[in-house]
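Going by the order they are written in, the chains are A, B, C, D and E; count residues from 1 in each one.
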Amino acid sequence: MGGLVNCVAYADGRRVADVAIADISETLKHGDQFVWIGLYEPDEGLLREVQKELGLHDLAIEDAHRAHQRPKIERYGDSLFAAMRTAQLNRAERRIDFGETHLFVGPGYLVSVRHGPSLSYTEVRARCEATPQLLRKGPGFALYALMDFVVDQYFPIVDSLEEDLDQLEAEIFQEVFSRETTARIYRMKRELLELKRAVSPLVDVSNRLMRFDLALIPEDTRPYFRDVYDHAVRINEMVDMQRELLSSALEAHLALISVAQNESMKKLTAWAAIIAVPTMVAGVYGMNFKHMPELEWAFGYPAVLAVTVAVCAVLYARFKRTGWL
Amino acid sequence: MGGLVNCVAYADGRRVADVAIADISETLKHGDQFVWIGLYEPDEGLLREVQKELGLHDLAIEDAHRAHQRPKIERYGDSLFAAMRTAQLNRAERRIDFGETHLFVGPGYLVSVRHGPSLSYTEVRARCEATPQLLRKGPGFALYALMDFVVDQYFPIVDSLEEDLDQLEAEIFQEVFSRETTARIYRMKRELLELKRAVSPLVDVSNRLMRFDLALIPEDTRPYFRDVYDHAVRINEMVDMQRELLSSALEAHLALISVAQNESMKKLTAWAAIIAVPTMVAGVYGMNFKHMPELEWAFGYPAVLAVTVAVCAVLYARFKRTGWL
Amino acid sequence: MGGLVNCVAYADGRRVADVAIADISETLKHGDQFVWIGLYEPDEGLLREVQKELGLHDLAIEDAHRAHQRPKIERYGDSLFAAMRTAQLNRAERRIDFGETHLFVGPGYLVSVRHGPSLSYTEVRARCEATPQLLRKGPGFALYALMDFVVDQYFPIVDSLEEDLDQLEAEIFQEVFSRETTARIYRMKRELLELKRAVSPLVDVSNRLMRFDLALIPEDTRPYFRDVYDHAVRINEMVDMQRELLSSALEAHLALISVAQNESMKKLTAWAAIIAVPTMVAGVYGMNFKHMPELEWAFGYPAVLAVTVAVCAVLYARFKRTGWL
Amino acid sequence: MGGLVNCVAYADGRRVADVAIADISETLKHGDQFVWIGLYEPDEGLLREVQKELGLHDLAIEDAHRAHQRPKIERYGDSLFAAMRTAQLNRAERRIDFGETHLFVGPGYLVSVRHGPSLSYTEVRARCEATPQLLRKGPGFALYALMDFVVDQYFPIVDSLEEDLDQLEAEIFQEVFSRETTARIYRMKRELLELKRAVSPLVDVSNRLMRFDLALIPEDTRPYFRDVYDHAVRINEMVDMQRELLSSALEAHLALISVAQNESMKKLTAWAAIIAVPTMVAGVYGMNFKHMPELEWAFGYPAVLAVTVAVCAVLYARFKRTGWL
Amino acid sequence: MGGLVNCVAYADGRRVADVAIADISETLKHGDQFVWIGLYEPDEGLLREVQKELGLHDLAIEDAHRAHQRPKIERYGDSLFAAMRTAQLNRAERRIDFGETHLFVGPGYLVSVRHGPSLSYTEVRARCEATPQLLRKGPGFALYALMDFVVDQYFPIVDSLEEDLDQLEAEIFQEVFSRETTARIYRMKRELLELKRAVSPLVDVSNRLMRFDLALIPEDTRPYFRDVYDHAVRINEMVDMQRELLSSALEAHLALISVAQNESMKKLTAWAAIIAVPTMVAGVYGMNFKHMPELEWAFGYPAVLAVTVAVCAVLYARFKRTGWL
C-alpha cells in the first residue's frame, strides 16, 4: 500500500508499538494511547482506510488527496484539519521548492500527509520522543512540533533572499543597468509573492490554534502555539519588509537610469555644440567664392585653426564648469 | 410559457415527480417533499407565477428579473435570495463570458434563475440525484451543489489567465516592446478586475451562508459551505496574486524600455562622436586657403586618412570598454 | 414665504388635504395622519417656522440652511436628519451637477429640503400616492422612496462615464497622444473623485437605516432600505472599478508614449548612421590634397557614388532587420 | 505670574466674578459654580499652582507644559485632558501657522492652555456668555464651544488650499513646466500632510467625546459634539480629496512632460532628416573628382538646387501629415 | 558568571540590599520586597539560574537567549515577558544602532536582559530610586520606567532623520542630480523601514500593557503606560510622515529630472536647427559647379555671410521667445 511512512502508538509520551493501519481503531480503544501516522503522497486506497479507521470527514479527505490547498485550519467537531505549505531552498537551481503538508488531529491521533518536495518528519518524531515529558501532553503537542518544524524552515529561505537583495542593491548602485537586473528584480518579486502567500495564512492558522477551545489543545500547550504564531508573524514581517525594500530598489534603479540618461543627453548636446564650431568654420572657408580675402593671407590657415581650437577649448571649459561634460 | 427548464419534486433525496408550476403550492403541503425549479431567462409572467406559488418578496423578484445584480445573499424571513455571477472561458474569442444566476431558497423549494451565457445546471441535478443520502438534507444541500458548481468554473479561467501571464512575461523579457504588449497588459488588467468583481463578493456570500442561523441550512451541511468558501477564497487570492504579478510585469516592461532607451542614447552619442572625427578632418582639408602646406605633401592624403582611421579606432575601443557601444 | 413646494397630509396611505405650515402641529394631533412637506431652497423664516411646528433640533436646522453637508444620517431622539448629495448629468456642458437634499423624518412627518440643481420630488410623491398599500407604512416608506429616487439617478451618470472611458481607451490605443488626452484623464479622475465622495457615504447611510431600531422604520420596510443599500453599494463599486480602469489607462498611455519615444530614438539613430556614410565619403573627396589618385580616375566619381549607395543600402537592410527602422 | 489670560466663575450660565488662581478651590466648594481659566504659554509656576488648586494629574501637566503633543483626549478619573492643534493661515508668508491648545476639563472647571500662534479664545467666551441657556449646561458645553471654534478655523485654510490647487492645475495644463511647478506641488503635499496630521486625530477625539460616559458631558450636549465630529470628518475628507487630486495633478504633469518630450524628439528627427538632404547633395557636388559631368552642365547648379528644395518640401509635407512636425 | 550587572532588593520603594542570584527565591519570601535584576548579554548558565530562582517559562528564556525577537509582550500566568528593540544614533558612522532588551516581570521581580549596543539602565534605576513614592508601586512601575527610557531614545533619532530629510530636499530642489542623491534616498528609506519595524509593535505592546488585567500593573500606574503608548504613537506617526515625505521627495526628484531632460532636448534641437543654416549655405557654395554666378560676385562672400548670420539670429530670437533656449 503506497505512501505509509510509519504508524506508531504512544502512551504517556513513550513509543509503545508500531501499529498496522487496520488496527488503529482497536488501539484507540485504550483511552491512554495516541497514534501518530506519517504518510507521503498516499494513494486513495490508503487514505480511505485511514478515514475509515479514524472516522474523518469526506471533505477533509478530498482536500488531503487533491493537494493544492491554501494554508488553513478547519474544525470538524472535536478534531482538526490543517493544511500548510512547506518550503525548501533549492540551492542548485536557485529557487524555492514548495510542498504541502496536511494534518488530521483528533482525540487519540495525528495524521501527517506530505505532498511534493519536503523534508521527512522523522526528525520531528525523534525530537518528540526525546522529550517524553512534553509528548505526554498528547497529539496537540505533536501538532505543535510539526508546525514549529515547518515554520522554522522559512527562516533560512528569508535569510537567503536577504542576501540576494543585498547583492541586487550593490549591483544597482554600481549602475550596471543590465537587463538582467530588471529580470532579477521581477523574479525576486515573484518569489516573495509566493512566499507571502504561503506564510501569511500561517499567521492566522497559528493564531486560531492559540485560541481554539478544544480538549485537544490543553491549556499548557498554548504558549507553544503562541511561539509558532510569533515565528510566523516574524517571517511574515521579514517578507513584507523585503517586498518594500525591493520596491524601493526598483525605484532607485529607475531613478538612476533617468539620471544617467539625462547625463548622456547633456553630454551629447555639449559635444554636438563643440563639434559644430570647426564644422562651420571649415564649411565657410571651403566655399568657392572668387573673392575671399582670408584665403589669400599667408597665415590665414594657421590663424583660423588656432581660433577654432581656442573657441572649442572655451566651450569645453564652460560645459565642464556647468556639469554638462 | 418561456423560460422553464424543469420543476421536480424530491422526497427523501429521491426524485418523486415532475410538477407543474401551478401545482407547486399544493405539492409543498406534503411537508416531506421539496421542489427544485430551474429557469432560464424567464419572462415576467412565469416569474410572477412562481412568486405567487412560493410567496416570494417583490424586491427579490424584481432583482431576478432585471439581472445585473452584484453577487449577494439576502435573507427574507426564513428564506434566502442569492445572486452570483457565473463565468465561462470563451476560447474562440479569447475572452471571459459572464452570466448571472439568482437563487431563491426556502423551506421546501429551490429556484435557480439563469441569465446570459452559462452552463445548464442539469449536470448538478444529476450529480445530486446520484447521492440521495446527501440530497436528503434538503434544499440547503442543493444550494451548496449549485454554488460549488458555479465557483469551480472559475478555476479553469484563472489557470488560463496564468498561462497568458506566463506568455506575456516571456514576451516582455525578450524585449519586443510592440505596442501590442501594452494593449495586452491593459486588457488582462481589465479582465482581472471584472473577475475580481465577480469572485470577491462570493467570499462574503459563502462566509455568511456558513454562519446563517437558519433551519434551511442544517448543522451538518455547514462544512460543505465552508468548502465553497474555501474555494472562493482561493480563487480570490489567485486573482489578487495575478493582479500583483501583472503590475510587476508592467513595471519590468517600463524599466526595460528605459534601459533600452538609455542604451540607444549612449550608442547614438558614441557614434556621433566617432563620425565627428573624419567630418572635422575632411572639413579642414577641404578649406580653400592658398597656403596649406599639408596639401602639397606627397603622402598628405594617405597620412591624414590613416590618422583619422586610427583616432576613430581608439574612440571605438574606448566606447566599447565603457559599455557605450 | 419663499421655498415651500407643497405640504400635504396623508392618512392610511392616501392624500387627505393640503396643510398650511402653521397648521402642521394641529394636524399631527390626529395620531393617524402624517405630513409630507417639500421645500426648495427655503429662506430662514420658513425653516424656523417648520422647526417650531415640528420641534426640530437647532443643529439640524442650521445644517439644512447652510447646505454643503457631507451625506450623513443623524438621530435626534425618535427622529432622523439625513443629508444626501444628488447628481444629474448636464449633457450640454458635459459635466455632473451636484445638488443637496436634506430630510427631516419623525413620527408623523417627512420634510425634504432641496438645494442647488436637482430634480423635483413631485414624481416620487405621485409614485407613492399610486401605491397607498405601501405609503400606509408611514413616513419611513416615503423616506425610502426619496432615497431610492436619489440613488437611482446615479446609474445613468455612471453609465455615461463608462462610455467616456471606452472612448478614452480607444484614443489611447490609437496613440494620438494629444495633450487633450492627458487633460481628459485628469478631468475624469476629478469627476470620479467627486462622485465617490457623494456616493460612498450613502452606503453607510443606507446601511445604518437598515439597522436603526426606530418605530419610524417598521420591520417590513427594512428590505426596502436594504435595496437602497444594495444600489448604493453597486454604484460605489462601479465608481471604484472605473477609477482603477482609469489608472490602468493612464499607465498604458504612459507606457505607449515610452514605447513610441524609444522607437523615435532608434529611428533617429539609424538614420543618423546611414546619412553619416555619404557625408563622410563626400568629405574625404572634397579635400584639396594635391595627390589624391582616386580623383584622377575616369570612373572615380560613379564608383564612389555606387559604393556609398551600396553601403547605405546594407545599413538600411540591417536596421530594418533588427527593428530599428 | 506669566501666562494668565483670565479666570472667571460662572453660575447658571452667567458670569459671576473674576477669581484669583489661589481662590479657585475655595470657589469650587459652591457646587453650583464652574470656573473657566484661560492661559497662554504659562510658566511652570502658574501651571503648578493651577494643578494644586484643581488636583490635576502630573502627566497631564507635563504634557501641557512641554507642548508638541499629538491631538488626543485622555480620561483621568472623572476629568479629561484634551490636546488639539490649531491652525491659522499666514497670508503674508503664504503658509499655515500651527499652534497647540490643551484643555483640562473636570467637574467645575475648564482650563485652556494655548501655545504658539493661535487666536485668543476671548471671542468664544463672549459667544458663550451671550447664550446663558446653553452655557448653563456647564464646562462640557464650554469644551464644545472651544473645540468648535478650533475646528472651524480649518475651513478657510482648506478653501485657500483649494484655490492654490486650481491655480496649479491651470499652470500644469498650460504646460509651462517650470521647476517652480514641481517645487510647489511638493510644498503643497507637505502642507496637506501636516494638515492631515493635525485634523485626522480630531475625528477620533470628537468621536470619543460623543461616546464618553461622563457626567461632565450631559446627554443633551452630545448632538453638539456630534456636530464637531461632523465638521472634523468633513475637513478630513476635503484634505484627503485634495491629496488625491494633487497626486493626479502630478501624474498629469509628468504625462504632459513625456508627451512634450516625445514631440520634441519627433521634431528633432524630422528636421535632421530634412536637413540631411541638402547636406548630402552639397557634399557630393563638393567632391573634387576630375570627371563629374554634372558640374560642367550649364544649368547643373540651378537644377540641383531645385531638386534639393523639392525633395525637402516633399519630406516636410510628409512629416507634417504624420504629425512629426 | 558573565552578564550580571546588578541585582538589588527594594522594599517600600527604597533599596534594601544587593542580592546574590542564588538568594533571590529566599528574598522573595518576604512578600513586601521586590528584586530588580539587570543582565547584559548573559551566558546560558546565568539565565538558567535566574530561571530556576524565579520559575520562568522555557520558551521565554529561549527567546531571551536567542535575541532577534520582534517587539512583543506575552503573558505567562501572572507574569509577563516583553521584548523591545532599542535604538541609538551612531553619529560617527551616520547610522542607527539597534539593540534588544528583554524584560521578565512578575510578582516580586523585574529582570532586564540587554543585547547588542544599548545604553545601560543604571540611569533608570537611579531615577526610580530618587522617587521612592512612585517606585513603591512595585515592579510594574519599574517596567514603566524602563519602557519610557527605551521609547524616549527614539525621539533624537527621528529628529536627526528630519534634519537629513531637510538637507535632501534642499539638494533636490537645487537640482544637483548626483547619483549620491538617489543612493541617499534609498538608504534613508531603508533606515525608516527598520525604525518602523522597531517602533510600530511598541504601540501595540504599550496599548496592551494599558489594558492588561494584572495585579502586577496596579490601576494607578495605567496613566503611565498610557503615556508610553502616547509617545510610541507619536514616534510612529513621525516615522510615517517622514516616509510619505521621502516618497514625495523622490517623486519631485524624478519630476525635476524629467523637466531638465526635456529642456536639454529642446536646447539640443534648437541649436541643431541654428547650426544647420550655415552648414547648408557653406555646403551649397562649396559645390564645384562651373556655372555658379554668386561665386563670381565681388560681394558674394560677405553678402552670404551676412544673410547666414541674420537667419541664425532670427532663429535664435524665435527659440528664445518660445522658451526652447
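Everything below uses one rule, namely that a residue touches a chain if its C-beta (ideal position, glycine included) is under 8 Å from a C-beta of that chain, and two chains touch if they have at least 3 such contacts.
Everything quoted here is computed from the prediction, not taken from an experiment.
Visitor: Moving only to chains each one touches, count the minimum steps from subunit A until you reach subunit D.
Guide: 2
Visitor: Is the contact between copies subunit D and subunit E built from the same residues on both sides or from different ones, judged by whether over half of the numbers are shared?
Guide: Subunit D vs subunit E: different; shared/all numbers falls short of half.
Visitor: Rounding to the nearest 5 degrees, give the angle of the rotation that lays the CA atoms of subunit C over those of subunit E.
Guide: Resulting rotation angle: about 145 degrees.
Visitor: Could you grab the centroid distance between subunit B and subunit E? Build each centroid from C-alpha atoms only and quote it in angstrom.
Guide: 40
Visitor: Measuring centre to centre with CA averages, how many angstrom lie between subunit B and subunit C?
Guide: Chain centroid spacing, subunit B to subunit C, equals 25 Å.
Visitor: Among all residues of subunit C, which ones touch two or more of the remaining chains?
Guide: If we look for residues of subunit C contacting two or more partner chains, we find 254, 258, 261, 265, 268, 272, 279, 283, 286-288, 292.
Visitor: For subunit E, which residues are in contact with subunit D within the complex?
Guide: That would be residues 169, 173, 175, 223-224, 226-227, 230, 233-234, 237, 241, 244-245, 248-249, 251-252, 254-256, 258-259, 261-262, 265-266, 268-269, 272-273, 276, 279-280, 283-284, 286-292 of subunit E.
Visitor: For the complex, which residues does subunit E have touching subunit A?
Guide: So the residues of subunit E in touch with subunit A come to 57, 59, 69-70, 72, 74, 76, 177, 179, 182-183, 185-186, 189-190, 193, 197, 250, 253-254, 257-258, 260-261, 264-265, 267-268, 271-272, 275, 278-279, 281-283, 285-288, 292, 294-301, 304-305.
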